[in-house]
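Consider the two complexes below, in which chain A is the common component and chain B and chain C are the respective partners.
Moving on, here comes the complex of A and B:
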C-alpha cells in the first residue's frame, strides 16, 4: 500500500510531537481567552456607550477578517510597523487568544442578556449583594447556555491552528510535510497517507469535543 | 506607509479579488447543493446513504480545511486524481462547506412541524410535492441566517487556497511581503480588500437575521 513509512523509524513520534505543538498553541490560547472573554462579555452588558462601541469595533474586526490575515498582521505587521519580532508560535498564541476572547466575549454577552431581569430582582429581594447575585444566581444559569458553544469554539481553535504552519510554525501539518519530503523517493504515495493521517489525528481530537458540545446542548435545552 | 506603493499594488489586489470571489462563489454554490442533498438524505433516512451522509458531515466539520486542501492537491494525484488548483480549491470549499450547510438545512428542516407534512399529504400532494412546495420554503426561511453565516465563513476560509499557490488576496500579500518587504502596504491592502468583500455580506447577514426572526 505504500504506507509502511508511517510505522518506520520515529515517524509516529515526530507526528505526535508536532501534535503536541498544535495542542500547546490551542490550549494556551484557550486558557488565556477564557478570562479575557468573560471580562469582555461582562463589559459588553455595561451601559457605557463608548466602551460598547470600542468592543463592537474590536469584535467585528476580529470576526470579519480571515484568521490567516490576522496571523499575517501580527507576525509580519508587528515586525515592520512596531519593531516587535514575535516568533511564529507567540504570534499564533496572540491571534488565537484575541480571536477566542472576541468569540467568547460575544457568547458571554448573549448568555448574560438571555437571563431575565426577574432573576436579578428576585436575588435583590432575597437580600443578596450584587457580587453574590452574579456568582450564585446569574453565573450558574449563564454557564449552562454558554458551555456548548464554548466547547465548539475550542474545536474551531484547534482546527484553525493548522494555519500557523503558513507563518513558519512547525506544528503537526508542517511535520507531516517534512515526513512526506523525507520519504519522497522511497514512498511516492507518502502525501496521500500522511495527509489522511493528519486528518485522522485532528478528527480524533475534535470529534469527541463536538459530541460533548452536542450532548451538553441537548442537556441544557431540556 | 507609502501611498505611492499602495496605489501601485492596488491593481494586483483587484485581480486577486477576482480569484478569491470566483473560488468562494464556486465553493458556496457547491456547498449549498451538497449540503441540501446531505440534509434531505438524512431527513428521509435513506438507507446506507443516510449513514454515509452523517459520517461525511462529521469528517468535514472536524478536520481543518488546510489538511483537506493538501489532501486533495498533494494526496489525490498519487492515485491518479489530478485537479487544477482552482478545481481543488472549489472542491475543498464544497467539501468543507457542505458539512456546515447540511447542519443548517437539517436543523431548519426538522423545525418544520410534522403536521405540515401530514396536512400536505391529506390535501393530495405527493411526498416530493409536499417537500418542494410546503416544507422546503418554510425551512429555507428558518435556515437563511445560518446559511449567510456559512457564506461568510467560506469566503474567509478561501484564504487557505494561498497554501497551494493560487493567486488569491492572501497569496498576493504574501508575495509582495516576500519580494519587496513592503509589509505595511501589502497588509493594509489585504485588510481593505477583505473588508470590502466581507463587510457587505456581514451587514446583509445582520439584516437577514433581523428579518427572519419575526414571528418566532
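Moving on, here comes the complex of A and C:
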C-alpha cells in the first residue's frame, strides 16, 4: 500500500501533537478575540466619530493584510525593531487575536445595528435602564444573529493557522512535512498519504463546526 | 363600535378643578430647523380618554415621545400628578408611571409572550416572579390570549402581538397609557380586535392619551379630542368635534377622511 509508515513509530502521535498546537493557537486566539471583539463592536456603535474612524482603520488594515504578512510583521518585525523576542506561537496568537477581534468586532457591530430602534424604545417605555435593556433585550438578540458567522470565523482561524509553520511553529501541517521528509526514500507515495491524513484531520475538526453554524443559522431564523 | 357612557366619565367642572394625571405645558420640540411642536398645552384627567388627531407629520408621535421622555424637549414641562418629571430629574421611577404602545410591533422576540409581560415588573419593580406571572396570565386572558402565554412573539398575528404589547404596558400599572397608532401597521381584519381591547380599557376607567387615524374609533372612545397642526393645538373639543368642527383647519382635516371613504 505504501501507507504503513503512518502506523509505525510515533507518527500518529506526532501528527496529533501538531494538531494540538494548531488547536491551542486557534482556541487561545478565539478566547481572547471574543471579549475584545465584543468591546470593539459595542464601541463601533457609539456615536463618537473619532472612535469609529480609528476602529474602521484598524479593521480595514487587518482585513487587507494577508495573514502571512501580519505573521512576518509581528514575528520578525517586532524582534528587529522593538527588540521583543516572541516565540512563533506567541506571535501567531497575537496575529490571530488581532484578526479575530477585528472580524468579530465587525460582526458584533452589524448584529447590534440590525436591532431596530423600536426595541430600545419599547424597553425604555417599560422603564428598563439602558444596562437592563442591553443585557436582557439587545444582547440576546444580537447573539442569536451573531453565533453562526462567529462559528464560521473560528473555522477560518483554524484553517489559517497552517501559515504559522512559516514562522517556525510546528503545527500539524509542519509535522506532516517532517513526516514526509523523513519517509521520502522508503515511501515514494508518502506525501500523498500524509496530506490525505492532514485533510482528514482538518475535516474532522471543521466539518462539525460547519454543521453547528448551519444549525444555529436555521435556529436563529426561526 | 359603540361605547356605553362610563360611570366615571369626568364631568367638565370636575375636570377643571382636579389635578390632571398627565399635563403637558408649553412643550416645544424642533428637529434641526424643523419646528415640530411650538408650545403644546394638554391635560389628561384621571379616567379620561383624550384622542389626539391631526394630519400626518404634524407631530402627534413626537408629542407622545416627548411626554414619556423618548425625546428631549426643547422647552416646556411634563407633569405627572402635578409634579414635574421632565428635564434632568426624569428618573426611571417617573418613566414607569407612564406606559406606551407603539405602531410597530415591538415585542421582544428573544422571549416568550409571558416573559415579555413579566420582564418589566420583575426587573424594574422587583416583583415576585410567581406573582408577576399570575398577573401576566390574568392580563393575557383578559385580551383573549390566555393560551398564547408560552408562544414566541413571531408566531402570533400582528393583532395578537399588539394585544400582548398592551398587556406588557398594563403589567406596570401605568397611571396613564399612551397609544400611538396601535393599529396603523395591522391588516384591516385585525384592527377591530385591538381597538375593542382599548375600548374595554377605557370603560374600566384607564386614563389614556391616544393617537389614531381610525375616526370611527376615535369618535367612540374619546372624552375629548385634541387636534394638532402646525406645531400647535388648533382645536379642542368633545366627541362632537367630528360632527361640528369649529375651525376651518379641522373641517379640512376631517374632509380628508370623507374623501378617502368616497374614493374607496
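FYI, the second predicted complex is superposed on the first by the 222 of 222 C-alpha atoms of A that agree within 3 Å, B and C clash if a C-alpha of one lies under 4 Å from a C-alpha of the other, contacts with A are read in each partner's own complex, and residues count from 1 in each chain.
In this text, a contact is a pair of C-beta atoms (placed from the backbone, for glycine too) under 8 Å apart; a residue touches a chain by one contact, two chains touch by 3 or more.
The structure displayed is predicted, hence computed values, not measured ones.
Clash-free side-by-side placement of chain B and chain C is the outcome of superposition onto chain A.
When both complexes are overlaid on chain A, the residue A:206 reaches chain B alone and has no touch with chain C. Residue by residue along chain A, chain B and chain C are tallied for touches, and B comes out ahead.
Within the superposed three-chain model, A:8 lies out of touch with both chain B and chain C [touch as defined at top]. In the superposition on chain A, no contact is made by A:48 with either chain B or chain C.
Of the two partner chains, neither chain B nor chain C is touched by A:85.
In the overlay built on the shared chain, the residue A:116 is in contact with chain C alone; chain B does not reach it. Judged by the touch definition given at the top, the superposed model places A:195 against chain B, while chain C stays out of reach.
Measuring from the middle, so to speak, at the Cα centre of chain A, the directions to chain B and chain C differ by 100 degrees in steps of 10.
Touch criterion met: A:69 reaches chain B, while chain C stays clear of it.
Closest approach of chain B to chain C, taken over C-alpha atoms in the A-based superposition, is 20 Å.
When the two complexes are laid over each other on chain A, chain A has no residue in contact with both chain B and chain C. Note for the complex: chain B touches chain A at residues 58-59, 61-68, 70-71, 74-79, 152, 156-160, 162-163, 170, 173-174, 177, 181, 183-184, 187, 190-191, 194-195, 198-199, 202.
Those residues of chain A that touch chain C in the shared complex are 116, 118-119, 121-129, 132, 136-137, 140-141, 144, 222. Of all residues in chain A, those touching chain B in their complex are 60, 63-69, 72-73, 76-77, 79-81, 155, 159-160, 162-163, 165-166, 173, 180, 188-189, 191-196, 198-199, 202-203, 206-207, 210. Residue ranges of chain C in contact with chain A, taken from their complex: 65, 68-70, 92-93, 95-96, 98-100, 102, 104, 106-111, 119-120, 123-124, 152, 154, 165, 168-169, 172.
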